[in-house]
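Right, I'll just put the structure down here and ask away after.
Letters are used for the chains, namely A, B, C and D, taken in the order the chains are written, and counting of residues starts over at 1 for each.
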Amino acid sequence: MVSVTVLKSSSAIILIGSILLLASCKQKSMVERANEDKIMLVGNSAEPKGLDSQLISGVPESKVLTSLFEGLCGDHPSEDNTMVEGAAKSWEHNESLTEWTFHLQPDAKWSDGKPVTTEDFIFSYHRILNPQLAAAYAPMLHAIKNAKAYNEDQRGFILCGLDENFPVEWDKLSEINFQGDPKVDIDDLKNRDFEKLNLEEKRKLIAGRGLDRLDKTPLEAIAADESLFAWPDKISTDIRNLVLERLISHIDQGEPDLYDKAQVGIVAPDPHTLHISLREPVPYLPAMTRHTSWFPVPKHVVLKHGKMTDRFTEWSELGNIVGNGPFKLKAWRFNHYIEVERNPHYWDAENVELNGIRFFPILNFYTESRAFLAGQLHTAYSLPPELLEWAKENHPEYLRVEPYVGTRYIRFNTRRPGLDNLKVRKALSLALDREELCKYIFEGYKPATALTPKVGNYTPPDILEYDLDKAKALLVEAGYPNGEGLPRYKILTTKINPSVEAVQAAFKELGIGMDVELKTFGPYVSAQQAGDYDISMAGWIGDYPDPTTFLDMWTRGNGNNNTGWSSTEYEALLREAAQQSDPDKRVALLAKAEKILLDDAPIAPIAWYTRLYLHRPEVKGWHPLLLDNHPWKHITLEVEK
Amino acid sequence: MPPLLDIKNLKVHFHTRNGVVKAVDDVSIKVEQGEIAGIVGESGSGKSVTAYSLLGLIPMPPGRIEGGSAIFQGTDLLKLNERELNQYRGRKISMIFQDPMTSLNPYLKVSSQLVEPLAIHENITGKKALHRAIEALESVGIDDAATRIHSYPHEFSGGMRQRVMIAMALITKPDLLIADEPTTALDVTVQKQVLDVIRTLQKDTGTSVIFITHDLAVVHEMCDTVNLLYAGRDVESASASQLIQNPLHAYTRGLYRSNPSNHAKGSDLHTIPGLPPNLAKLGPGCAFRPRNTIGDPSLCLTDQTPELIEHSPRHFVQNCPGCLAKS
Amino acid sequence: MKDIARDIGSRLLQGIIVLFVLITITFFLTRALPFSTFQDEKAVPDHVMEMLEEIHGHDKPLYTQYFMCLKNLATGNLGTSIKLMEGREVSEILSQAFPVSLVLGLVAMAFAISIGIPAGVLSAMRKNTRVDYIIMTFALLGICLPNFVIGPLLAELFGVQLSWLPVAGWGFTQPSTWILPAITLGLISAAYLSRLTRAGMLETLNQDFIRTARAKGQKESTIVIRHALRGGLIPSVAYLGPAFAATISGSVVVESIFQIPGIGGIFINAIQTKDETLIMGPVVLYGTLIITANFLVDLIQLWLNPRLRSHSKS
Amino acid sequence: MAEETHKQTLETLPETEAGHSLWQDAWIRLRSNRAAMVSCVILVAIIFSCFVLPIFSFIADPAEIELSTKNSAPTASHWMGQDQLGRDLLSRVLHGGRISILVGLITTTVSLTIGVAVGAIAGYSGGRTDAFLMRTVDVLYSLPFLIIVILFSAVARGQTDALTTWLVDNTNLSHDSIAPFTGLIPLFVAIGALSWLNISRIVRASVQNITGQEYVEAARSLGLSHGRILLRHIIPNAIGPIVVYATLTIPSVMLFEATLSFLGIGVQPPYSSWGILISDGADRMLSNPLLLIFPSIPFILTLMSLNFLGDGLRDALDPKSSKD
């Protein structure tokens, strides 16, 4: 039986035990020890989903990957728009910016000692573009000639369009519905057996899928009965049969990889020279190559652990992964930390100062701030806005407030009654006092005058303004005086915070009372993609320092354009800018396009991001960068004595 | 030879929300060495409280010992503190209770409950203690004690459990055993067996016993002396034989007259009318006056409480003319 | 002994049935979540979506998927994560996360029991005195102050200001990282235990056999422990079963406040991304924990209360 | 002769102790328990201020934002200062109090009734019923609660909005006065449906302990129906742990409401509850501790007094302690 003495003593033991432990902890803090070992402790918000740079795309993942791998061009420690040597020693391009040649570092090696050659780069780009891999960020490489066709498995174009001795030119052939008509809903037909469908359903499935995506049986059915498929009439029957025959033979051969046939614009005359031809001039290509989707992967390691198109094989696991960056993977415990150490085989190894970096996935930014102040981190990922004032007063020496290439905005569903009316959307946008919101809510952010922030040589147009009376007048013009007649909208968000409530209050002042609908991330994304929302709080961080990363999103059918808005004039301007090789003319065209976007107001930008974070002074070589892509190899830890 | 236990003018009051209940108001009882002293009275007459207050078992607050003394082997039990009382409880004075069903710890084996007094008072544990416990069980007439000792209370019948209680009380060979209505909850046949056990053990060990009951038949079968309590005061006390031959107080006479065995077959049973008084609203004077149908109620004292006088050698009675008058 | 074995046998069978029902409900609940596993912030084109569904067997009819899931679980194969940590074995993820939650849970419950139960006993023995009220006030504070307030307060005081203890992170070899999260996690159980023990003890101290024990001259403290405690602990033991399982299965809030790599965080993220295999793994683990914990509690109650044994026999 | 005297003395008998029913006895004892009475006063005061005061004009509109004076300390016009959006904290605490008290009391009653019923039946009947009920409890324990919440919020949101609009059309109440309360209905169902598990296990344990005792067998031998035995004999004896657990459930349910509101069920902006205010305050603990302290005061006071009242009730209702 447990006697009282035992019970009393057990709680006593715990007390004494903890006191002893406390005493032992008084000596040097983690940061001081890390400074001595030259290991940088980094708060990295989320646990990386994986380390296969071609299959993942989040910001936390890119922080780790930029220490393990290196793109053709490297990040400059302090200037946003200048490129430094990376995996490529030097690079040049033709006059129209469509043909680029990169010269690789002659003695570059992987972290297992094997040389880094153009073979790795060709294999990498072939792998990420391979339709079987289904890489989410493959579109980043669609600027390369025929990359989009190969990535989207456009069989018609590759098998017929690119074949010189095909009797008909591609511009005539392109009228054939190869890639399927998105407006046709075939969800319920997809998984059913083709033969069992009735005629009407067959036609619907074929139209919905398009010739490129059909299996053998439907293709043979079309060959047998032309009425099943809406052939454009200027295509003669023998041309039709020729196309079908090529598609069917492709399937008979087991749907082989079409990379070579697609003539993707990547050629390597020798192991250290890589030639890339683009479909249009891209002045910011070097900047793009710094994005993780352009990083090379070690061909020999990937193939050792599976086929090119196997998703998430063992190759990028601890113990197997090999990189060409300044560091190599040392330890990885889930949700705990990832540690990288110096990579002796790196071509620029002697200039690398740090011995290692440890990434802590701390999602709760209050916890991260406490960990930083308790001497457990050199740099934190993000400071909660609520603590900005407090940090200004108590820890100015640690506080960093730097511009960041991103924008917080509101997305309107233009298909909803009321929101389909331009005047109503304009009124809502005018009701947002961006100066006051940035002063009190989005503390440290800059009020947005347009969607695209200052990036590269692009100066954002000054269009957005705050004018409550004009807004009210617009509402009257639109036929909803003081908001009467408008349905009660719901503001969709993933987090209840002051910004949502401030926006809700701003619209209330206009007379339009709204509810807040909170959804977790999954339902939040799928609701918008299904157009099942009225208004949603949103934000976008640019992938590369060029306005197109902000403007391309609003073309018709683009993954992020869930507003239901599109404008041919807007898309024409974008296409024209894409072809324009003169940087200044290009920027002017883009500005004109943005003006159309903002005048039609499918979205209402609020503020341009600013990165708020805590950072220890002993970390040197860490300068404000718009893309926050601080090159790890230039970072040093110097403690002032 | 001084009496084993001499209780003089014991007063125990309960300070409850609806007034002060004078449960025991001036009780004096003597228990001689080796004698079985009976304490008899209706429920609410203060008999249990008298016994419990000896061992400090009444919850204080709300109970409080107002006055009197209880000299036991030279020391006054009422003045002892908790630690000192523990030397007496279970060693010099043991108790057995009315309801055997709930008086044994249902979660512990009978063996561990039996050996407990040995461990506390004689520092005997293990094999020796178990042996003593088995002996104790055999002494109260439980056969096959060696195996049955290891079972749980709910595996014994009511009578058996009361025997276990007796064994547990007498295992340390106390000088005084207080039995608080030990047989009331048992049926008649088992009652007899338990009474025999107590009597034989009492003869063998010479332990004195305070036997609390409301059953006159049991009193006459068991007790050497009888102390009759009513409304917290002792009404009459004498040797059992004296009391039967010469009951003095109207209450005593009423009790004997209502004993079924004294009636001719088929005649109405005589009962004492009414209910015991509310001890929180006791006035001065004789408390039995309202129910005094045998004596002469008009003569009962009303202003001051009747004194206890020694009517004849070792035969005390409440000196209330009304109650002493013959009808 | 024979019937004890029979009891255990029938309980095991019941456990398996419970697990089966649990797996089935979880399977269909997960499938009913109103979004697709493979969706991404940037809308995924249809053909890619179809390919991903094919790779992970989502194109097959629901019932085949269900039977495949049952077959895998029956053979102990928890499968691989399909979204949150795509490609990684669920068993590997759990083998790294579960020990953390287990250790933290056990330390938290040890703290809760070693503080809660003695406090409950003490306040029952000293009923309605100053001691009782002080203990009750602390217990109530433990319940009223949510862990998302206590955690940061403790971290701020002991971590940042006094820097006695690390504020975030976990180390199997550094017990100093266990203390603050264990206290935050265990406090609410300590409060519950002290209140339930007090109620249970008061209930038992009123019983007649306590008076018998006193009449034997037993010291008050031994009476409480030897006689009253076994009966008094019944409500607390009933609470401990599920509390143990819940604490060990990881609390998202405490893991987030102290950056603990436990199961709670993974499980919540798995649900947010509808990662079916990574949802099923922890549910099966947690289900087994609950079944064992409640079974152990019932056994303890049988041991505590012999009357039950005969009751259950009849 | 015996007959008359017998009757005559009856009338003059002094008045014996008046019979007290258990409930009267309980009320007398409760009234004399000082702590319980003080708690009653505090509770009434808090409930009064939360439900009645906001009707008066000097309490500001909880949703009115004044960004320029955010996070400001208490002033004459704002007794508790202003929150992170410059809204009057006092009115948010009072309006929030309404919701929290409603949530606390209703969901606890829902979960208690189910929990006590299931626990009592399981503990009393034993055998197959007990096994079935307890295994259902095991399943419900381990179900992934968040999934149910996400599914439920998707479905519930539609219904509550429809109800709110229907109410707004049919009664003259404004949207802002109904919405916070209709939004709570899914909360009652969600919490009520899953928070009775603990209490059912505790009640089962106590009932099992009581069913073994003799007076239950005695009651059964008198032919009482199982229902009556449970209601009149067993549950009153298990009242101790039930009352204590009820007073423990209320705070955890109030805090649980905050977690659910962050997942999309229950209270949505601009309305608030104590749970939400405390959690917002906890986030801003370093910059403005008042945002945490002010909502915590009524929250802790309510729960302390509920617990003292619960304890007083437990002592008062305990049949055994009515002896002294």
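Definition applied: contacts are C-beta pairs under 8 Å (C-beta built on N, C-alpha and C of every residue); 3 or more make two chains touch, one makes a residue touch a chain.
Model, not experiment: these values are computed from the prediction.
Distance from each chain's C-alpha mean to the overall C-alpha mean is smallest for C.
More C-beta pairs in contact connect the chains of C-D than those of the other pair, out of A-D and C-D. In this assembly, the C-alpha centroid of chain B lies 49 Å from the C-alpha centroid of chain D. Centre-to-centre spacing of chain C and chain D amounts to 24 Å, using the average Cα coordinate of each chain.
Averaging Cα coordinates per chain places chain A and chain B 91 Å apart. Shared interface positions of chain A, defined as residues touching 2 or more other chains, are 366, 520, 522-523. Counting partners per residue, chain D has 150, 154, 212, 286 as the residues that reach two or more other chains. The set of chain B residues that touch two or more partner chains comprises 106, 154. Across the complex, chain A is touched by residues 33-36, 39-48, 50-52, 55, 59, 61, 84-88, 93, 96-97, 110-111, 114-115, 117-118, 121, 152, 155-156, 159-160, 163-170, 175-176, 179, 221-222, 224-226, 229, 256-259, 261-262, 265-266, 272-274 of chain C. Chain B contributes residues 55, 57, 82, 85-91, 94-95, 97, 99, 102-108, 116-117, 120-121, 152, 154-155, 165, 168 to its touches with chain C in the complex. Contacts from chain D toward chain C in the complex involve residues 35, 126, 131, 134-135, 137-139, 141-144, 146-148, 150-151, 154, 197-198, 201-202, 204-206, 208-209, 211-212, 240-241, 243-245, 248, 251-252, 255, 258, 275, 278-279, 281-282, 285-286, 292, 296, 299-300, 303-304, 307-308, 311, 314-315, 318, 320-321. Those residues of chain A that touch chain C in the complex are listed here as 1-4, 7-8, 10-11, 14, 18, 21-22, 24-26, 29-30, 47, 49-50, 55, 131-132, 134, 136, 152-153, 180, 182, 190-191, 213, 311-313, 333-337, 360, 362-364, 366-368, 370-371, 373-376, 520-523, 525-527, 529, 558-560, 562. Looking at the complex, you find that chain D touches chain A at residues 63, 65, 67-68, 70-71, 84-86, 150, 153-154, 157, 161, 165, 175-176, 179, 261-264, 268-270, 276, 283-284, 286-287.
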